[in-house]
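Remarks on the structure that follows.
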């Protein structure tokens, strides 16, 4: 049975082989390797679209996995393509890291055993450390160091939690866990929650995110905030919805608290930032919080709304971080620099604009439908006060998103485009594809 | 039959043409495109009045009942009249006022034009909400980018936060309606509205009510409006006061009063009291204003409060009067804002204390300002009169106390005549001796405003025949 | 076809801006309009004598919104009066307004006359109200005609604001009546008011009374009328006679059954009496020609109010007609003086020695009419006015007759007391209206005979009190001659100065100003509250921002803090978890 995970894994090995051959043959140009990576990701995407399911003891598909993996691959493909256009001569190692991180994300989504899950998460993490590390500068070193230290801390906590669960239940398989109807392992669940929250940037385990996002290359940020965060959130869904339905009361309450505090805290912080990238980082955190709101309902509607929401914000995050990459290269760092954006690229500005609209939840972008689903899931389950609290925060987030957009006011100014690395038009094309996806993605509502 | 989709396609073509022009640059001027599009749309509308309108329904996402359904309901025609005609008249002022980024301004203007029309013919609540929000966003940028330099940042944000609060409430109401009727279609919902269980229906009504209170606006959620008006460019103000405020009334009528008559009647007296209080409050605050535009803004709160009272009266007279008042007030307040814009352009100030005696310099302007102010005071023969008559008939029938808002009319008489006196009469201000009268094009614009005001004043039947309150 | 009566003036309003001055003179358009209205009125009156026709038009479909005209003896007679006086005033305007903005003046006049004609012909409260409002607005425009004068624009505003109080009262009354009776038709309303509960009836009656008081410048609204002198004199002539102020009386006449049923007639009489005395005293204390005339108008209107209050509507109407004729004539005289002499102060006018001018005869007719002396029409009008009076009212009226004669002849003797050879220009357009009006003021008494046929409720009687009034009036004339005719001016009166002027003119104005400033203060309170509300929202936003910048401190970039946060979160989650074990 052919499957995208197999394809990626095999492809990664082939890539290593190609690189080895290239080096032995003494070919300087790494282009062929890069294009091979691109083709590999594309191939995986196609395979995922047509052959989805997988049923192994540790890895098995469920209702949403095919959809999630497809969009993960789609986003990864877009990000990689952007990366390729941006720096054609990057190191071959980056390609491997990229493929492995993507593979890790796919595996997280389909893992059906806590150990498999932990290992897959670690695969993403390690690859991400590498991606962040690889660009050498002091600032990045610091960011990456934080990332690694905190990442390992959370991993250890998670492993501890898994061991507690095992000691309580005697199994780590999701199906096995889901039929246990008593809760001897609540402490384990709590620890697991902490570990997974770290990946999904849930307050108060989010703190690494703004620093790391700010420190890393724009494309890597895009990857972290979309693909690897998707993996973290989906892991949450798999674990707490499929594996521990018995603990749902505790989980639901905990999730509501975490989600609300995440959204509140990140929105507050986003309003007082001056650097665009930090605002975007906090917004990305608050988006995770919103997805978490959907998860906290812990029934089919809640989960499907959360999955759709993850989809919408993953695409929007990828879009804005990629388009911001173009501006960042031109030293548009602070809010006050924003009027210069259109001078760099009009299309990228428009894409950035639409991406923000989507994150703020304004129609007709997909972000609106994501919020619509979440609210309707909440209302259907009677959480009216919860909805009203969310309305208040949404107003707050509207405030900073539009505070950002408001700076876009166009002033005629003398501005010289400093440097556009790579082909601007190709980048714009990628952004446009993502933007279009942001509109037509609405057809996946209710999958 | 005129296909309603035309109202989406025509402005959309305009937007695309402008956007493409922005990216590439072409020969047609921006204004020609916008005017062409708006004229074509208006033509479509007026032809449609004779030939009838054909609806359309495209199912987009069936799982959440997201369809693109366009059809005219009993209320569409009067509001479409406002939405189609007023922006065209307001655009006239943009030509002089918008100097920077005209292309982008017209894009936003056309976007809100399109969306405003679509709101009144969307029968699916999701598409309704989409357009509702597009209006809001476009308007935010119109204020934020082309507003008065000093206060635009604050004003635009205030506008956004307040109205977005209203929108979210409306969204909440829509979702609840969907959950309990299984559909986002207005017709289905109105058939099943009575089956919605009582506490949920109360919540829905409350949400819609808050939306209306923000949007119309009614005390205490009105404080975004004066700032937004003072900041917005003239064409924006025309759109804002003329059409945008009416969205609140439209929503309240469509989703509140007509869907949940029993709840409305339960809250009728408090609602009427709220409306009456707002009316008096707004007129009192208005009489202390020295900025002409701010004065108009507060007085438009007064008229919207009357609309609110009319809607809350739940009678045929009150509701149809409220609709008529919204249309009539749309034209009158639009005209007043255009006049305030001209005042600013010609004299450089809107401060009533610095003006005076302009009648000597601007006889034609005087004529139009007098007509507008007399019209706004509800003098018979002009369109506010039949509307106010109907509103008060309905409101008195519902609750005796509603006649108290006539005191508001009196105070309005006082401050409007005072404004007239301070702008036009007595001796000419020292700095104003070089002021010239309005140009021919301004005069044409203002007379176009006058026509519906007079026609509706003499023959309100023209409009009353065009709508029925049963959806 | 009754709308034909008002159509000419509407046409004139429309045509003047289009044709005015370029093709045809605006004054001519307006005069032709008024003339055709007049002729049509006469024609209808003649052909419809004794009949009553009602024409209805539905205004708003799906409801009972009838706009209907009524053509019967009363309404048509009044429309003849209005169009005739208007015609005279318009002709006079050719003389008086020759240097002014023609098109604007005649257009506004056309609107004014149009609305008054419509008002008297209305048969539905709705239509009545429509014209009632337009009358008010057009008078506002006309009073403020000389916009450059601060006082003129202020007077215009004052007039409209004060009369608008009455407008709103009438509006409310009409709404209450419609909601209760579901009809706008006046006869239907009056025939079914018996079904209304008493409190509603009293409320409606009071509202209608307020409307009439404000429109007819009675206490406590009267101050706008003397101020309205700031308008051009022909406007005053029209405003004070057949239009505007007459509307209030007409309203009371039309609604008299309702007022009777609501038991408000004593109130009307009391207010009327009070206003009449007040106006008479004030007239005695002023020295401004037109202002004295204005107070005399207020007094005459009070007479009509008293008549209505004593259920004598016929007398009120008859007095209205007669008063319109001589009062407009007096104002035209004032106009001639203002135009040719350029003065309005009566003592200054005396020095011009106008005693032998052509104005003497019309003026003496006018002032004698004002004083109600025979054989002028006014004498008969007074006789019909007092038909319903009781003893106290009669006695008071005798005093009033004395005061009226005193102040009117004070004016007459002061202005025309000095004889010399001063000559005033006499052009046809200024003289013909004055002569015609004075002619009718003289022979108008004959109409009294005719009026009994026209209006059933009309009656007149000559009794003891008629004689007393006559004697009192003569006494007044003699007193006036003794004091003022001999050139002693106001000497005596200054001695016995009644101080009323200070009580009721300036202080009352001051009181009104106080009321106004009370409203302003109230407005200021609301405005302050508005600011507070706005500040509250700003504070809300600020405090959220403050919270934000405080929370920023936690995120300080220090890895230890981050680890600590993770541990805190962990502990918190474990604590919550422990609750579930």
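First chain written, first letter: the chains are A, B and C, and each begins at residue 1.
Quick note on the criterion: contacts are C-beta pairs under 8 Å (C-beta built on N, C-alpha and C of every residue); 3 or more make two chains touch, one makes a residue touch a chain.
In this text, all values refer to a predicted model and were calculated from it rather than measured experimentally.
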- Query: Busiest chain-chain interface by contact pairs, anyone?
  - Reply: B-C
- In terms of mean CA position, the chain most removed from subunit C is A
- Message: Just to be sure I understand: the centre of a chain is the mean of its C-alpha atoms, right? Then which chain's centre is nearest the mean of all of them?
- Response: B
- For subunit A and subunit B, what's the span in angstrom between their mean Cα positions? 42
- Message: Counting only Cα atoms for the centres, state how far subunit A is from subunit C in Å.
- Response: 77
- Gap in Å, rounded to a whole number, between the CA centres of subunit C and subunit B: 37
- Message: I need the residues of subunit C touching at least two other chains; which ones are they?
- Response: 541
- Message: By the touch rule stated above, which residues of subunit A touch at least two different other chains?
- Response: 399
- Query: By residue number and range, which residues of subunit B touch two or more other chains?
  - Reply: 161
- Would you mind writing out the residues of subunit B in touch with subunit C in their complex? 158, 161, 220, 223, 281, 284-285, 287-288, 316-317, 357, 359-360, 370, 374, 379-381, 385-386, 389-390, 392-393, 396-397, 403, 406-407, 409-411, 413-414, 417-418, 420-421, 424-428, 460-461, 464-465
- Note on the structure: Residue positions on subunit B within touch of subunit A in the complex are 22-23, 60-61, 63-64, 66, 100-101, 104, 126, 129-130, 133-134, 137, 140-141, 144-145, 153, 156-157, 160-161, 164-165, 168-169, 171-172, 175-176, 178-179, 203
- Message: Looking at the complex, which residues from subunit A come into contact with subunit B?
- Response: 346-347, 357, 362-364, 368-369, 372-373, 375-376, 379-380, 384, 387-388, 391, 394-395, 398-399, 402-403, 405-406, 409-412, 442-443, 445-447
- Considering the complex alone, what residue numbers of subunit C touch subunit A? 541, 544-545, 547-549, 551-552, 555, 557, 559, 561-563, 565-566, 568-570, 573-574, 576-578, 580-581
- Task: Write out the stretch or stretches of subunit C touching subunit B in their complex.
- Result: 59-63, 126, 129-131, 133-134, 137, 140-141, 144, 147-150, 152-154, 156-157, 160-161, 164-165, 168, 171-172, 175-176, 178-179, 519-520, 522-524, 526-527, 530, 533-534, 537, 541
